[in-house]
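Chain IDs A, B and C follow the sequence of writing; residue 1 opens each chain.
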Amino acid sequence: MSAPAASIPAGSLRAFLALVGAGYRRFSTYRQAALGSAFTNAVFGFLRCSVLLTVAAAGAGGTLVGYNPAQLATYVWVSQGLIGVINFWTQLDLVERIKSGNIAADLLRPMDIMWMQLATELGRSLFGLVLRFTLPITVGAIFFDLYLPGKPHVYLLFVVAMVLSVLVGFLCRYILCLLCFWFLDIRGFWTAWVLCSGLLGGLQFPLPVWPDWLVTTLWVATPFPLLLQGPLDVLVERESGAVIGLQVVWLVILFGVSRLMQGRALRKLVVQGG
Amino acid sequence: MIIKTAGLRKDFEVRKKAGRLRRVTETVTAVDGVDLTIERGELLGYIGPNGAGKSTTLKMLTGIMVPSAGEVTVCGLRPVPDRVALARRIGSVFGQRSQLWWDLPLRDSFALLRHVYRVPEAEHTTRLKACRKLLELDEFMDTPVRQLSLGQRMRGEMTAALLHGPQVLFLDEPTIGLDVVSKQAVREFLASLRDKGDTTIVLTTHDLADIEKLCERLIVIDHGRVVHDGSLAALHDRYQMKKQIVVELEEPWAGDQRLDGAALVGVEGLLIRLELDGASVGQVVAQLPAFRDLAVVEPGIEDVITRLYGSDRG
Amino acid sequence: MANPYVKLLGAQIRSQLQYRASFFLDLSMATLLSAVDIGALFLLFRVTPALGGFGWREVILMTAISGAGFCMADLAVGEIERLKHYIRTGLLDTVLLRPMSALGQLLVLDFATRRAGRVVQGTLFYLVALTVAPVKWDAARVVYAIVAPINAAVFFSAVFVTLAAIAFWWIESGDIANAFTYGGRDFTAYPSTMFHGWFRGLFAFGLGFAFVAYLPALALLGLSEPIGLPDWARWCSPLVTLVVVLIARATWLAGLRRYGSTGS
């Protein structure tokens, strides 16, 4: 059996968009919880921003590894907003569906399970843009001087990088959740992912704080810096097209890996009769 | 007298959406002035349609919920303030909830409950042995609870509720969703418990068969009020609930036929519906013309409630 | 007869060990997670000589007190944040039907054994920090060095319980509790002088987080508080913790009462 077809037939695009809409509506019923999370993101914005600005103020020329205070503030507050859009730490529904065996029902649907999961997650991200992205950034803008790029095309590049980072984040999580086909309980892997995506993605500190050899290795060999560090560097004008190029390369790699794994997983499922 | 309530009442404040942003607070009275007196050793059926207030009453009797008004004493204690003391004297099985440990075998759950309730070893062993026999637990004592069927789990729950030798056993819809065999096992077990006579049992249910097989006394509650307190026979008499027979005839019903001891209550093409009035099913069937199929319909609890409701108004 | 809480705890650990491989991976990852927090501190000192006016030997003591205290609290009561879930699924009713304290049962029912590694690691790190930091040892300071991490643990536990109890009133509160639990850990890992204005006022003194690690560390180091607190205030942490514990207790009991009258 070959890997399931990975393309969406043209007629399915409407179904896909409908699923995105359904995902959006589903998550928008948790508006209060989103407000609570946005509040938490704002508190962490204060904590991280204060620490980094204090360190910068004591450092050479009032900068921290080349970021001036306004760039640092933008870096921190936008990263807190991005958490709710990329949703790195939320497990996909897939895990529950595999554990409960409901995955068998999904396989009967005319749409590939990957596209179904992606649609739901895109719906979640869209809803994340409404409250979880805007609220922390607004709070940051009120209490701190944020760096605002002057050239309009930077914003456009940032939006592209953000969309790509949502997709990279999705594929990473999708691959982890597929592991559930082999190991019923993936909590250990997930803890490892939460650790790496935050720390190596640039959530606690911008990556250049780390030793140079490590930063280079991370950029070259892992997708982690593309989750937050990449898009944020685009926004504060330290990087531009290169980030997007790298994101596209990783998307292709991760996509290939996930298709391969999915093919094997489903074959295993068919062979074992669920 | 082991349970007594007077004017027991529970109001819930429910916030409802009214328009886009406005919200209004409504008061729902789930239990509305219930007076109960239950003697030691009774098996009481507490029935009513969905949302009648059965579970809410049980929650107030077990100390999970504070009444909005009224008096309650169970085993001589006030349920909420004396929750911990009362918990030792009562057992409970609340339909969908489980008090067993999901990932552990029944055997381990029972051993844990012995410590939770501080039951002496010898007493525990005797009671467990009795339950194992009556509820036929032996086959699955070592299976993790998550792998048990609903019927097996419910038998486990029943045992768990009884291991500390409670004076009162509260059962909220214990047979809901069970297969016929498990239902039967649960009923027989409750019947033997009733016959021994030292456990008072309060049972809520939807299932008329539960009531018919088990309860001498029946309390019917609707919209939070007690509408009947007495035996099932008294309930049938009072509201003239009768068995019905639905018959599918070979030929359309000829309107002039008379039947002794039964009344025609509906005709629909080849289907006729008869209500028994003094005669047995056999006597009526003997009088019928050729028919293809026949079903006997027992008066359901829902029908009783419908009538009660009707008679309230009229 | 054995203590029922101990028995329940044993059962919980046994059922977690059913997924052995995942359990040990989780245990090691969780341990690594907190080791990384300490590494992060050294990263900052790579690019700056001082944080909030303190050198690394001094800051490391604050980070260690806060870290050890937080790990212990997280192990003991961290899972109480699942209260929302217990209310939704009705587990809280089952708990209330047993002749034991509701809080005590909830704590052992979902005990997160995988967090145990962190406590060992946090304690070891604290011992190292005590030897590295220039502590002005005397009898009172020996006692305070033992009290400080325990005090921090009790403080964080009270914060966990208070915030979890919010679910009794507001079940859809999302992860608002994290702002003060994990946020509190982040705040207390650094000297309070790193923060400014009303934000510092609120977290350090309004919510009392300065008393968790910053002030006890200053007492051990024999340093005065640069913001202008009197020296005796550095020794008052246990009193502040007592107040926080009383608040937690009152909130929890009020929450249980509310659950009893609304059932949701």
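Here are a few things to note about the model shown:
Convention: contacts are C-beta pairs under 8 Å (C-beta built on N, C-alpha and C of every residue); 3 or more make two chains touch, one makes a residue touch a chain.
Because the structure is a prediction, the values reported are computed rather than measured.
With centres computed from Cα atoms alone, the innermost chain of the structure is C.
Among the inter-chain contacts, the highest number of C-beta pairs connects A-C. A centroid comparison over C-alpha atoms places A as the chain most distant from subunit B.
Subunit C has its Cα centroid 47 Å from the Cα centroid of subunit B. The geometric centre of subunit A is 51 Å away from that of subunit B, both derived from CA atoms. Look at where the CA atoms of subunit A average out and do the same for subunit C: the two points lie 29 Å apart. Of all residues in subunit A, only 30, 32-37, 39-40, 42-44, 46-48, 50-51, 54-55, 58-59, 64-65, 183-189, 191-192, 194-195, 199, 204-205, 209-211 touch subunit C in the complex they form.
Taken in their complex, subunit C has these residues touching subunit A: 19, 21-26, 28-30, 32-33, 36, 40, 43-44, 46-52, 170, 172-176, 178-180, 183, 186-187, 190, 194-196, 199. Considering their complex, residues 1-4, 7-8, 11, 14-16, 18, 89-91, 93-94, 96-101, 257, 260-263 of subunit C touch subunit B. The touching residues of subunit B, counted against subunit C in their complex, run 12-13, 56, 59, 62-66, 68, 80, 83-85, 87-88, 90, 92, 94, 96-99, 101-104, 108, 112, 115-118, 144.
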